[in-house]
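To keep things clear, I will list the structure first and then write my remarks on it.
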Amino acid sequence: MRREDLERLFEEVRSGSCTPAEAAERLAQLPFVAAGDVLVDTHRELRTGAPEAVFAQGKTPQQCADAAAAIAAAHRRVLVTRANEATAAAVRARLPGAEWHAAAGCLLWRAEEPKRHGRVAVVSAGTSDQAVAEEAALTADFHGAVVDRIADVGVAGLQRLIAHLERFRTADCLVAVAGMEGALPSVLAGLVAVPVLAVPTSVGYGASYGGLAALLAMLNSCAPGVAVLNVDNGFGAGFLAARICQMARRLHP
Amino acid sequence: MRREDLERLFEEVRSGSCTPAEAAERLAQLPFVAAGDVLVDTHRELRTGAPEAVFAQGKTPQQCADAAAAIAAAHRRVLVTRANEATAAAVRARLPGAEWHAAAGCLLWRAEEPKRHGRVAVVSAGTSDQAVAEEAALTADFHGAVVDRIADVGVAGLQRLIAHLERFRTADCLVAVAGMEGALPSVLAGLVAVPVLAVPTSVGYGASYGGLAALLAMLNSCAPGVAVLNVDNGFGAGFLAARICQMARRLHP
Amino acid sequence: MRREDLERLFEEVRSGSCTPAEAAERLAQLPFVAAGDVLVDTHRELRTGAPEAVFAQGKTPQQCADAAAAIAAAHRRVLVTRANEATAAAVRARLPGAEWHAAAGCLLWRAEEPKRHGRVAVVSAGTSDQAVAEEAALTADFHGAVVDRIADVGVAGLQRLIAHLERFRTADCLVAVAGMEGALPSVLAGLVAVPVLAVPTSVGYGASYGGLAALLAMLNSCAPGVAVLNVDNGFGAGFLAARICQMARRLHP
Amino acid sequence: MRREDLERLFEEVRSGSCTPAEAAERLAQLPFVAAGDVLVDTHRELRTGAPEAVFAQGKTPQQCADAAAAIAAAHRRVLVTRANEATAAAVRARLPGAEWHAAAGCLLWRAEEPKRHGRVAVVSAGTSDQAVAEEAALTADFHGAVVDRIADVGVAGLQRLIAHLERFRTADCLVAVAGMEGALPSVLAGLVAVPVLAVPTSVGYGASYGGLAALLAMLNSCAPGVAVLNVDNGFGAGFLAARICQMARRLHP
Amino acid sequence: MRREDLERLFEEVRSGSCTPAEAAERLAQLPFVAAGDVLVDTHRELRTGAPEAVFAQGKTPQQCADAAAAIAAAHRRVLVTRANEATAAAVRARLPGAEWHAAAGCLLWRAEEPKRHGRVAVVSAGTSDQAVAEEAALTADFHGAVVDRIADVGVAGLQRLIAHLERFRTADCLVAVAGMEGALPSVLAGLVAVPVLAVPTSVGYGASYGGLAALLAMLNSCAPGVAVLNVDNGFGAGFLAARICQMARRLHP
Amino acid sequence: MRREDLERLFEEVRSGSCTPAEAAERLAQLPFVAAGDVLVDTHRELRTGAPEAVFAQGKTPQQCADAAAAIAAAHRRVLVTRANEATAAAVRARLPGAEWHAAAGCLLWRAEEPKRHGRVAVVSAGTSDQAVAEEAALTADFHGAVVDRIADVGVAGLQRLIAHLERFRTADCLVAVAGMEGALPSVLAGLVAVPVLAVPTSVGYGASYGGLAALLAMLNSCAPGVAVLNVDNGFGAGFLAARICQMARRLHP
Amino acid sequence: MRREDLERLFEEVRSGSCTPAEAAERLAQLPFVAAGDVLVDTHRELRTGAPEAVFAQGKTPQQCADAAAAIAAAHRRVLVTRANEATAAAVRARLPGAEWHAAAGCLLWRAEEPKRHGRVAVVSAGTSDQAVAEEAALTADFHGAVVDRIADVGVAGLQRLIAHLERFRTADCLVAVAGMEGALPSVLAGLVAVPVLAVPTSVGYGASYGGLAALLAMLNSCAPGVAVLNVDNGFGAGFLAARICQMARRLHP
Amino acid sequence: MRREDLERLFEEVRSGSCTPAEAAERLAQLPFVAAGDVLVDTHRELRTGAPEAVFAQGKTPQQCADAAAAIAAAHRRVLVTRANEATAAAVRARLPGAEWHAAAGCLLWRAEEPKRHGRVAVVSAGTSDQAVAEEAALTADFHGAVVDRIADVGVAGLQRLIAHLERFRTADCLVAVAGMEGALPSVLAGLVAVPVLAVPTSVGYGASYGGLAALLAMLNSCAPGVAVLNVDNGFGAGFLAARICQMARRLHP
């Protein structure tokens, strides 16, 4: 249930087209909806401005499809992350129009296009970082940001980075995705005046320790203006970037 | 040198009140100013929108005072962090009007009040977290945010937290400061629709490992909308929170 | 051999219905029983009040079935944990009435219902934590507690948690199961006056480090009244919770 | 404010000896009392059955004395932990009857003796573990348990341990305090039928890593019936042990 | 080449039955023998008293068989560790009399029985530790010790441990193998006057961290007389135990 | 009480020069002696062949002196480790003949010279490792070994190491003490046929992590015949080396 | 594009055989070439003296083949590392003359032999380290060094090491590859006057922690003249060794 | 003793100006010289091309002065690192001309200027990294390199870095010194064709973990051509850089 739905309900009560008893009944379902095995927190959008996403890892395709359908019914849009092919098939059987982005493991379905606020530049260092970067990009797009993808701009080739300086400086928020030594956010934050959300990835080997090297580097950035997400957490970065963009003065049609 | 100064310089050249040679001379000093032993990056405000701060730890009082005076001259404001009493005295000898906040270890000096955008709520879990929280609050204030301080609202007493719900929900950005188990940002992010910047502190003992427990907890927040700063990095959180607030539509007089 | 059996044996010797030699022979088997490849410590119930459980991981189905049958013969009840389908089939071929709980990987068999003391509330944060929570619940039930299961009450949705406050406050012991940032036990312990046993789970990714983040968070709980079990150790929590309930004044029929 | 006080207040309202307005005024102060710089959560005893303790580390002697006096006034008892000599002097200036236990760093003050439930055996491995053990013992005593102290029974001399077997087996809860390899709780839990709360200490050197070795050993105990506290957290163990004893059927006069 | 062979060679030169040139040719092969892909250090027995063992992990069955055959030819005995079925088959095709111990992953071949010195007691805590314990036992046996195996004597059941006290006290060296909390060596070392070699195993889950918990516990043993091997290094313990037994005064026929 | 004393006591009973009652009285003190604040385990020599040592760290000078005097009375010898000047003074006030080795922090007192078995070579890599090496040497000497000290033979100068080869090869046990990369035991174990006890030291900086680098290196020695002690645990190595030497066939006058 | 190509282009412009417009067009492609899915940084050779290598891990065979072909076209040589059989087949379909080194996972293709500078000795400790050593050797060869391979010279058999002393001392750069305790670089650096590049490998088990033990040992080398690469990073060592050899005075035909 | 000295000695023997017996006597002192408490490895220069340096940390001023004087006598130059004021005074009392560099903690003394080969650029990221950078610079200078110091060029201000590009590109070896996120070597190695030696420093706080963050980042550099030294090991970097420069073709007068 979205805030608009709630306001409409109160309007119906006020105008008499809905009795208080009927209204109470409809609200009684608000906090949770049982969708097959899974409880869906349909109240969350009211509190936090965004519906629950379906984190597919560790759930069966059936559970994901049930949850996605329930959220779609309540919120008119749904995002599924960390999905595999089987999950994608199960969800699309229930929500035929859902887009399936295999490389990022994401499914998106929405009944209508969102109004868009602000622009997020999703910047990634290497080819192997792109799955995480794309999860961030799709999540930001889903939550209403315009997304600009800039890939393969690792710090070992500064000329590539500087070539895109204008795009970095005119975004409303940067998401910087990097594995290995994780230096990209520090370099970016020294060049721009917008928030930088840093996502370490588990790309690397040996003493990268599954992304720990990049995580620590990003937490110790010598340039202010950087905050850090969990390793491989593209979803979290895209979500927060879109939230920051909600404040942007520019409105994209 | 601030952007306004730069524009004024070009205007003077255009109007003839300054010759190109004079202008070139003034710009020649732009990138660095040698202030005693320390090189000050006076170009930074143009690139990133904020002057360099003085991180006093590991510098002598003299070096801090030199750097602070140079930045104050170039930018008409300066912030010194991680200062002790000796540093405070040295800085105030050079910048008599500088405010000294002993608990937070910060000095602020500005020639005029900034225009203020947005409101940052700095929320802290326990009494011992307040030095870090205050560093965040002063930094956000310095960079133009209105700051609302809410202390002692650890998750062991939810009634205290919920009592302040309205203040959390109406801020433009939250800074959540906590040591020990670091649960505060997760609980907050489940209640609000604004960005949450999480700062783990080194408060605790035994298996807190100097803030590692809180840091990991915050990186693994089950509620989206959270990004994390380095342990005890109140400065970084206040800086980024103010940057996010630059986008806020509300202007505070 | 249970304490009742031992007392009965001494009574038979006293009354003359069993000669000392016969009694000695029966006690000679007491400390260990060889069950196929495995030695079973049948003396344990006398010392610690509970028969040995069969930890199936790393044992063959045959070894598990042998051990389970030997324990069942000596103690009239047996619990098998961390079992898979093959183990379940082997055990049930020997103990046909054994209940198989596939999601939790547990088998329970008992000749009669236990007398029940106290009530344990097993509270879990997310869907993925339920296997561990169910292991805790079945273990507590097996050892004589009444069990109340409360799932999906993570701290990102406090309203769900608070909806169950009465059930938390009236239990004799809480088991709190959570992965990711592991904040659930801290929040619970601030709301109740009963012991809280915290079980971190390996649910999460990236900087959760296989449950380390949750483990450290729980060890650093800011609310007193919490003690912590190993990562994913639902068995240990259920066992200790039931032991604490042995002291409860309420007796459940 | 204790539950008895609250019930008495309602009784006064019912009988007319207190007007509802007066009652409301008295309750208005309930959640917090400002005691000098520190907010005291006087509501906690109602929720969790125990008043807030004062954790002196990181607070000034003055702050500790203010908080202790406020809690004493509201709850007729107070416990201060991790105190040093200066704090002890400041507290005793305000609460002259407070007992000062220098080795454990604890101050206790109570207006009357508690009713006692159950018996806690506090068992420690080595001489150097005794400060932590004593913090546990005093805390359990403060919260109403009868306490039995058993020191210097490390596993390198099993004969000492076995000499005390009867005391271990007849307690209602064991607190096992050990540094170095932390084996004591495992050995104890194999010998008794009561809950064992394990407290690792930072005693040791080299690869003890400040108590990490003992902490990990205790979390991996091969004997069920053990739960673990933070390194050096004697307070937490004593608190939880007393809470478990609240359920004990035996009442000590 | 064994020391006896070397002495015989010099004797032949002295007596004239071998020319210096022939002797030089035979010694020229001494340091290394190429066995298929692998260089075998046939000089090692002269320096260290024991031939090189074949560590099969990471080698092909063919490489193992070549190395084993070369060592057998040079030293009249060979030990292969960490072997699987394919390696076992390849080795036995070359050395038909080799014994294959599947549970321990070891192959032994010797042309004659060694003279035996001393007795090693290999003590293990749990069923899952037995593969490592058996590797230790076979290695000690191979290098000339009499071996006494004592299994399933974890510290959670002290009565089992104490039942074997005589066997522990009369051995010349103990090898103590344990996973989980790793307390066995500390308890043993407090009971005996012989060297204790401690082998942590990777048995456990969660916070055992692949044997780290046991390793740290053993390094921090509160009882002197313990030294520690790498996690799962049964070979190293058996080797060193046999070396220590070389000094034992008792000679076993 | 030493084994000789115990046998003499039984002889006196047998011969009638001591009544059973008197004997019982003398034995009643056996397990523990209270020495001031400290309980001394005087039974330990009977069980493990060596009296308890006094580990001075964390004890007051008075406690150390009391314990040392009690052990000296019961065992006619005593070793105090990790002592400082104040402790040394207190012990020597009670045991005037005690030798004080300031660099190693050890005090030795014995009523008579021990019979000596075997020879221990204590080998150290660098100048800074000598405090630990000397603790090992004194401990081995105290427990009856002949000790040969070989210092400054780090692997960066192999010629120094090889110059002492004969001394290494003819010892009965080697103690190898090294910090930094901890390579010394591996190199030694490839050159000798005797047991090598490896002691990592906390000497180093940066990524030595207080001896962790050396500890891990020693646990992973590619040469068999090495077992490892805790970081800086010279006492443990000297103790175990002497124990191994008890078996040596050579008797030193 | 190589530096020679660039100089030739400028020469053509100077001489008039190429118009500035044509030259600009050819340079426009300089920074990147899109090769199928992958962007190839063809500018790198100009900046750093070496073309980009293809790191095959995490790329499809098709992507690797496209990238390899593009680099080969631009630079007349290409190196592919961390390749498997499928990648090898795909690359060789495009570059028929490419050499495939299966054990090292490397493919090399070059249109002509490089001029060779200096000699790199690649020294490895054990059989299992050879894949990494061979990656280093092939990389150094590819970048123009003469390579001398010396295998199986672990520190447990110093005689093998010393046998090759002349080859070590006359190289221009050593690459020392070792797992387990990682002592080889320290021993080598004490014997030679040339740079030593140390490569830890993930060979080992238990407390080797995937190469961490060797990595820390190498970082703490007691002999100066050593620098360290990432775990298993043979490529990095071979690359840097060849770069160092560029300076060597000797030129190999 | 330097190689020149050795060659002169042989020449003297050949010409008859020195008898073989005298020559033997002079060489007999070669391997070690006892300088007070410390053995000095005067053979090292012959083997490795450089005399031993004196690492003052953990040595007394007297020991340092003795060692420095002995080395100076044998090699006509000496370097002392990690010295404090007391050590400096003691050394200069013995070697009056020694230069004392307080910020870097280094003393240099040489009888004559070295012939210089190659140029080392020592590049550092922040003010706090300069002590380590200066140790590297002085060490490289001492060993015969020309040194170019470039400070305060952290990656947060790329314009400063790029301003010095020519100096980086024309050096023979770069030493890159950085704490915090340690990104400097990656950025440099993408810009130059010379070896980059990376030195992490312990500068930082919180999750820098004493330089671990920078260390891991440098080991994971995405740009080839980088090798890494221990945290704060400026000496090692300067030493190796000078060694690499020995090969440089340019000779500096």
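Should a chain be cited, it is by its letter among A, B, C, D, E, F, G and H, assigned in written order, with residues numbered from 1 in that chain.
In the analysis below, a residue touches a chain if its C-beta (ideal position, glycine included) is under 8 Å from a C-beta of that chain, and two chains touch if they have at least 3 such contacts.
All values derive from a computational prediction rather than experimental measurement.
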Label-sorted list of chains bordering both subunit D and subunit G is E, F
Label of the chain whose CA centroid is most distant from the centroid of subunit H: C
Using residue numbers, check each pair in F-G, A-G or B-D against D-E and return the one sharing over half of the contact pairs. F-G
So what's the Cα centroid distance for subunit C and subunit G, whole Å? 56
Can you check how far apart subunit C and subunit H are, centre to centre, with Cα atoms defining each centre and the answer in Å? 62
Using mean CA coordinates as chain centres, what's the subunit E-subunit G distance in Å? 39
Touching at least 2 other chains, the residues of subunit F are 44, 157, 189-191, 206-208, 212, 215, 219-220, 223, 230-231
Interchain contacts, given as pairs of chains that touch: A-B, A-C, A-G, A-H, B-C, B-D, B-H, C-D, C-E, D-E, D-F, E-F, E-G, F-G, F-H, G-H
Using the touch definition up top, name the residues of subunit C that touch subunit B in the complex. 125-126, 154-158, 162, 180-183, 186-187, 189-191, 204, 206-209, 212-214, 216-223
Which bits of subunit C are touching subunit D when the two form their complex? 47-50, 53, 118, 172, 189-195, 197, 215, 219-220, 223-231, 235-237, 239-240, 243-244, 247-249
For subunit F, which residues are in contact with subunit D within the complex? 31-32, 37-39, 41, 43-44, 57-59, 63, 200, 202, 210-212, 215, 230-233
Hey, which residues of subunit G end up touching subunit E in the complex? 127-128, 151-152, 157, 159-160, 163, 203, 205-208
